[in-house]
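Below is one structure, written out as structure tokens; comments come after it.
Order as written gives the chain letters A, B, C, D and E; numbering starts at 1 within each chain.
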Amino acid sequence: MTDLPMPQSGAAPVPKSSLMVADTRTRRRNAAEKRFRLYGAGAIGVALIALVVLLTSIIGGGAGAFRQTYLSIPVALDAETLDPKGNRNPDEMSKVLTLSYGKVLDRAVDAAVGSSEIEITDLSEKDISSLVSKEASAQLRNRVLADPELVGQTVDVNVLVNGRIDGYFKGRVTMESAAADANTSPQQLMLADALKEQGMLVTRFNWNFITNPDASDQRPEAAGVGVAILGSFYMMLVVLLLAVPIGVAASIYLEEFAPKNRWTDVIEVNISNLAAVPSIVFGILGLAAFINFAGLPQSAPVVGGLVLTLMTLPTIIISTRAALKAVPPSIRDAALGVGASRMQSVFHHVLPLAMPGILTGTIIGLAQALGETAPLLLIGMVAFVREFPAAPPEGLFDPASALPVQVYNWTQRADPAFVERASGAIIVLLIFLFCMNLLAIFLRRRFERRW
Amino acid sequence: ARDQIQIAGSSTVLPYATIVAEAFGENTDFPTPVVESGGSSAGLKKFCEGVGENTVDIANASRAIKDSEIETCAANGVTDIIEVRIGYDGIVFANASSGPDFVFTPADWFNALSAKVVKDGAIVDNAAANWNEVNPDLPEQPILAFVPGTKHGTREVFEEKVILAGCEESGAMEVFAAEMGDEDKAEEACMTLRTDGKSVDIDGDYTETLARIESDPNGIGVFGLSFYENNTDKLKVATMSGVTPSTESIASGEYPVSRPLFFYVKKQHIGEIQGLKEYAEFFVADELAGPDGPLAEYGLVADPELAATQEAVVNETVMSK
Amino acid sequence: MYDINRAESAVTQQDIKISARNVQVYYGDTHAIKDVNVEILDKTVTAFIGPSGCGKSTFLRCINRMNDTIDIARIEGQIRLDGEDIYDRRVDPVQLRAKVGMVFQKPNPFPKSIYDNVAYGPRIHGLARNKTELDEIVEKSLRGSALWNEVKDRLDEPGTGLSGGQQQRLCIARAVATAPEVLLMDEPCSALDPIATGQVEELIDQLRSEYSVVIVTHSMQQAARVSQKTAFFHLGNLVEYGETDDIFTKPQDSRTEAYISGRIG
Amino acid sequence: MPLSWALLASLLLAVAGYLIGRSRAFAVAGSDIRSLHSRPIYHGASVALMTLTPAIIVMIAASLLRMAKALSPEAVGLVGLLALAAGIAGLGWGITRIGAGYQARNVVERIVMGVLIFCSSIAILTTAGIVLSLIFETGHFFQKYNWLDFFLGTEWTPRFQGNSALGILPLLWGTLYISLIALLVAVPIGMFAAIYMSEYASKRVRGIAKPAIEVLAGIPTIVYGLFALITVGPMLRDYFAQPLGLGNSGSSVLTAGLVMGIMLIPFVSSLSDDIINAVPQSMRDGALGLGSTPSETIRQVVLPAALPGVVGAVLLAASRAIGETMIVVLGAGAAAKLGLNPFEAMTTITVKIVSQLTGDNDFAAPETLVAFALGLTLFVITLGLNIVALYIVRKYREQYE
Amino acid sequence: MYDINRAESAVTQQDIKISARNVQVYYGDTHAIKDVNVEILDKTVTAFIGPSGCGKSTFLRCINRMNDTIDIARIEGQIRLDGEDIYDRRVDPVQLRAKVGMVFQKPNPFPKSIYDNVAYGPRIHGLARNKTELDEIVEKSLRGSALWNEVKDRLDEPGTGLSGGQQQRLCIARAVATAPEVLLMDEPCSALDPIATGQVEELIDQLRSEYSVVIVTHSMQQAARVSQKTAFFHLGNLVEYGETDDIFTKPQDSRTEAYISGRIG
């Protein structure tokens, strides 16, 4: 069983085995190969199936958030209620609260139902009046305050309907569930059906979900992710501008320049350890360092961005270092050999070759940063924010929430309509993530090469 | 200076605070306040961090501020605190709407969930598996209770007003006290829940409890009244000592399990932060916090002594040390 | 002794180890091997010579389908090993490569110990029943490639820490250890001093008694010393193929003559 | 924001400096650029950096002073002017230095190196910051709670009334158990996926599969949590736990571990894929040429060569597993328990840090402060694990070429 | 003409480009270079010969401090370039390497286009004022290394897609393009055919008129053809150094004699 040829003159030629038929060992090895390959495909399959399952559940649950039901009715703007002094002075009129506008709307809905030939028995007062969203009164009030002359006239308004009715058209609420539900009734749903038939109720694409700020627990139909998108955008801006350059710079130093000694070992261990620090601890740090010590404002995207930067740094550093490590030393030698400085050899040759890994780190790091809620808890960004932050740079210091925060908040709310909105927000978040990563993915494919 | 009011604290108070904040923003020229959630503890801690623009103005709490916290506050310069009680949060027991009706007494809960119970005068480990073993009037359904985790203020109320009350009601308290010779120890024994999986702590919120009931219809969950009222199609509420929970029965004191909700205003910020006092007044105004206001509609049990609270807010009455 | 045409008829079927018919290789759009026909005999050393970039390595890599690993490479035509088309769909390239071993032009030791480098092939092919046998194979292969004396005390040091020539010999030892039926050697002595070269040539000569060896070399002397057959490539074409002696003494093609006399490159 | 104006102004100044420096260098060089020590762009860059550095240093110093309340916020305008003045001074000085012998490249590289070092020291600063922000409250905690009970206690039952048992062991066990299961899911799947993508898949498949799998890392964890709670938990309970008589808990270690494992797949797969892809082709050729199958090549040659990076990826995944909350809360429950049964509910340190910090307790009570002690302890434990990991990687590292 | 001792005294200070004194190199515990003293003259081609693994590459890498990049390598002794100690703390290795260029034993083109490979050095050193000048440098270097004809139509294809010998010539072109004062070439012709070898040797000869060239080679003939001075290394020792003619015709040391006559390896 030796491997080396022994000169055996005159020995009979060994019968050659055919290439087409595998011997036992080869068969065994090929079977192992096939298994291995199958495991690989299987692993990808598992991952993709999980992805599909999760995405379908998200999209199935959240697609509804992008459609909303509206009611168009004429509203008589009763001067008595809306302008008790009768002088059309906006300052005085602003003393009239939304509650009064709500009553005006209630009457209008009543009238609209009454004037149409809808015959539904057992229709209570409340069934009719709670048809429209509470948001509607605020809208109406703003409209009237902007143009006091409207008072006394009858205007056509297009208002959101209550979340349950909206849910009825999306299949979330059924006649059976409505029967058990204290907040709506089958009669109300029948009324809605009838109104829909008359064309007064329409369900259409809901831009407001993307542009509106959050709304309180009583108005799920009006809640949107506008502020959250801005907040997330500002934070990602900070993270992108800080975490990626700092992370890459730190990795370059540690991998390419730092003398290999105890001290750099300490830094290395330190960084991998930071990756294992629970994100909420970064929130504790952010509160202590940026708000209490540095005096930055609460709930501000800049603080959120800084905290998330610190949190993503280890991810970026670890992946960048791994990528730098994988570049063969001969490339560095080649550059040094023509008189490039180490800095030049790194920036001109090593870094481009390590780019795929760096971009992967960035993609994963940003995904993590974009989806993280816990650290924001302590710096006041897990909050109900309705005012839009200003444009950057000032806006970085204004209060804002963030997309994952919106998801987190909405999943905690009592009204089931928020469940759909939470999924809708997740869809927005994923789209946001995808847009953010698009460039990185594209670049990564360009930089990928073997040598 | 900061434009908007900054509020932090309890997630139980959060829905009410957001309703008020939203209305406040809509009906006044002040910007809508920012309402953080994060728990009473974290809120009060931030509140007591000091005075200044980057500290919060108001802390929401689902319990009264503790003396030790007031001391910390004072040490950090937060000396003048206005306490505002906004109403009560009812705590109800509910199961899946497809399940049977439950008619509980606190003693049933004690006997079902306590780690140790008294059987024939002796203290034994709780072995009850079905509700009808605890009380023959209850349905034959496995015991599975989703109770608030130890982080929640509701847990305290649950332990004291249901379990402990049940312990006393059923007479087990005396046996414990006799056995342990110490009232405190006996109370602790009463309130120690079993750990064999019949009583499941929920560290999340009521939506998690609801989801758990949906995935295991045998479960009975502990909810806030407002949460239940928003989900009457999925949940069936149980009576406690014969009383059905509702804002009325809780306000009248008939339904025993409830707790007060508060917010605390940093008086030193009034005048510094625009709209702070207006917000506090707006919150407790009858239109909002009264029995017919939107908060009550959402499930808050209006405070019978609301007038006194309104007066305290107007006068900026600070807490006495 | 006999020219290429006579060779084809004179050699019995059994003696032909590898036969290539109309082989074309493209790298993307580049046509690197143009219509090559050649028959490589068993128990013979065949030398491939030709100017740098003419396609020697490319053709060599076709013989054990190493070109499969280059995405842009495309091969046409037929190559038969023992009469079987190696590009047949039923052929397992792994088994093929076990029979047709290769020493690459650039030494590429594994980032493993010297011992593991050599033992790698025998291990995967199960050539040794136990450690002792494996040790024997390793020693024998390293001796064969004239590296044993230099590394016998550092077998567990990484193969990548060797000098250029040592790495080259390590790769030869690694290929020899698997006992292939055909050994393709792409400039195996390029980094070796004359003595080491001599030893490797001796090894090749030994191998010839049982196997078929194909060697790419730039040294005409080496080709003359070790090979019985020589193929001359030029710009992707196989210009001439025949007995080594004939090629060097009476080349048929003017290009061959120009090359061996040092006029074209 | 006057500071941002100052920053903008110094940036403009730096750009001007760059242009001036470069053209001056060209002028000095005359016809033969080789007579310069450094290329003109380095001269330009050195001037730019010399302009920017002092300006930024002034601004940072001023900000620090302001944070330390040593400088009133009104002085901002003055600071801006000062910073600008420093920038102009730097600019002037930088320009005067230009000359044939001036080692501009070295200066620039030294400054860049300074920046690189500064960036890597941010990691150290972060660690220091974390330790500092945890240590005081941890101290308060240990004043109120016996440290032996904390470290050796096997019970975790916080109570509002005080007198809680706050033993870390059940939480630690839960953390390790859940992370282990998550890694047992994520590492094989992730590794195989990486191998398949880098070695077997066509470019197109890889181009789609890789970003697709990365989406798994971007899905908010609450989605995973709900998936665990609603789908996986009941499934494991009904099909495994109950038939096997291992309990009937809807949430379990296994549920959380499995679901978390799925979330972690891209951490292992994407990074490993990059690293595996970076192993030189000649390594593969060497092995394939000896007649090894692709899988043997991968297992015995490519993976060992890629090991350091792969270990980094696995460590990253492990770190995420330890730090994850939502999936554990919803998937594994909130019960702190020491047990071996994977179908039982357990919880982790991180979950308890979050819940104790966001609870309704007295903020100065040990029940809240324990969060800080938990954080610090976890920090120390992971530090230990990382040191071990570093040691192992060092031992098995294989350098190619 | 004169032996090593005479050479030291006869050559004027100005003519000595590089002088090494008591150079020792260790790889970890391995003593790879043992107490080497040598003086390399300006405008001269010096050949390093010796059996594989004797330390030629190691010594070559000392001269431009490429050994700095090997963690385990440790260097003792003094090497002076134009009288300045290159291991002095004040010396910038970058500047040193710009003056002392290197062609490595294993061709290591950048994974960039062929053009960029060659243009890299001139770019970082600012040798070209504009694109035209750069194009000129690239063309000239590629012509010098006898690669121009083969690649002139594919300058933007990756350098890694070249054949072994082409890569080697690309690396030569890359090194030449930076116009170093000293050029260290580690077996620059190992993968080249005789014609290409001849062209590279011609290039070396041209370079000699202005620069100092050190070349490692295994081919005695090549050493004899291109070099004026030859150094023979054996097991880490510099055994003999002197005029090439002398070394090959009347070696002083028995080991040298044995090596050139092909007896030790």
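Worth pointing out:
The rule is short, and it goes like this: a contact is a pair of C-beta atoms (placed from the backbone, for glycine too) under 8 Å apart; a residue touches a chain by one contact, two chains touch by 3 or more.
This one's a predicted model, so the numbers in the text were calculated from it and none came from an experiment.
Listing every chain that touches chain A and chain C alike gives D, E. Seen from the C-alpha centroid of chain D, the farthest chain centroid is that of C. Among the inter-chain contacts, the highest number of C-beta pairs connects A-D. Averaging Cα coordinates per chain and for the whole protein, the chain whose average falls nearest the overall one is D.
Spacing of chain C relative to chain D, judged by their CA centroids, is 49 angstrom. Mean C-alpha position of chain B lies 83 Å from that of chain E. A straight line joining the Cα centres of chain C and chain E is 30 Å long. Chain A and chain E, compared by their mean Cα positions, are separated by 59 Å. Listed for chain E are residues 94-95, 106, 124-125, each touching two or more other chains.
Residues of chain D found to touch two or more other chains are 105, 226, 280-281, 293, 296, 357-358, 399-401. Multi-chain contact residues of chain A (touching two or more other chains): 29-30, 33, 295, 329-330, 341, 353, 377-378, 411, 451.
This structure has the following touching chain pairs: A-B, A-C, A-D, A-E, B-D, C-D, C-E, D-E. For chain E in complex with chain D, the touching residues are 92, 94-95, 124-127, 129. Remark: chain C residues 14, 81-82, 84, 86, 88, 90-92, 94-96, 98-99, 122, 124-129, 133, 136-137, 140-141, 144, 176-179, 181, 206-207, 209-211 touch chain A in the complex.
Within the complex formed with chain D, the residues of chain A that make contact are 29-30, 32-33, 36-37, 39-44, 46-48, 50-51, 53-55, 57-58, 245-247, 249-250, 252-254, 257-258, 265, 267-282, 284-285, 287-289, 293-295, 310, 313-315, 317-319, 321-323, 325-330, 341, 343, 353-354, 356-357, 360-361, 363-364, 367-368, 370-371, 373-374, 377-378, 393-394, 404, 407-408, 411, 422, 426, 429-430, 433-434, 437, 441, 445, 448, 450-451. Those residues of chain B that touch chain D in the complex are listed here as 10-11, 38-42, 44-45, 48, 61-63, 66, 68-69, 72, 149-153, 155-156, 159, 187-188, 191-192, 195, 197, 200-204, 208, 211-212, 214-216. By the touch rule above, chain E contacts chain C in their complex via residues 27, 49-53, 57-58, 105-107, 146, 150, 154, 161-166, 168-169, 186-187, 190-199, 218, 220, 259, 262-265.
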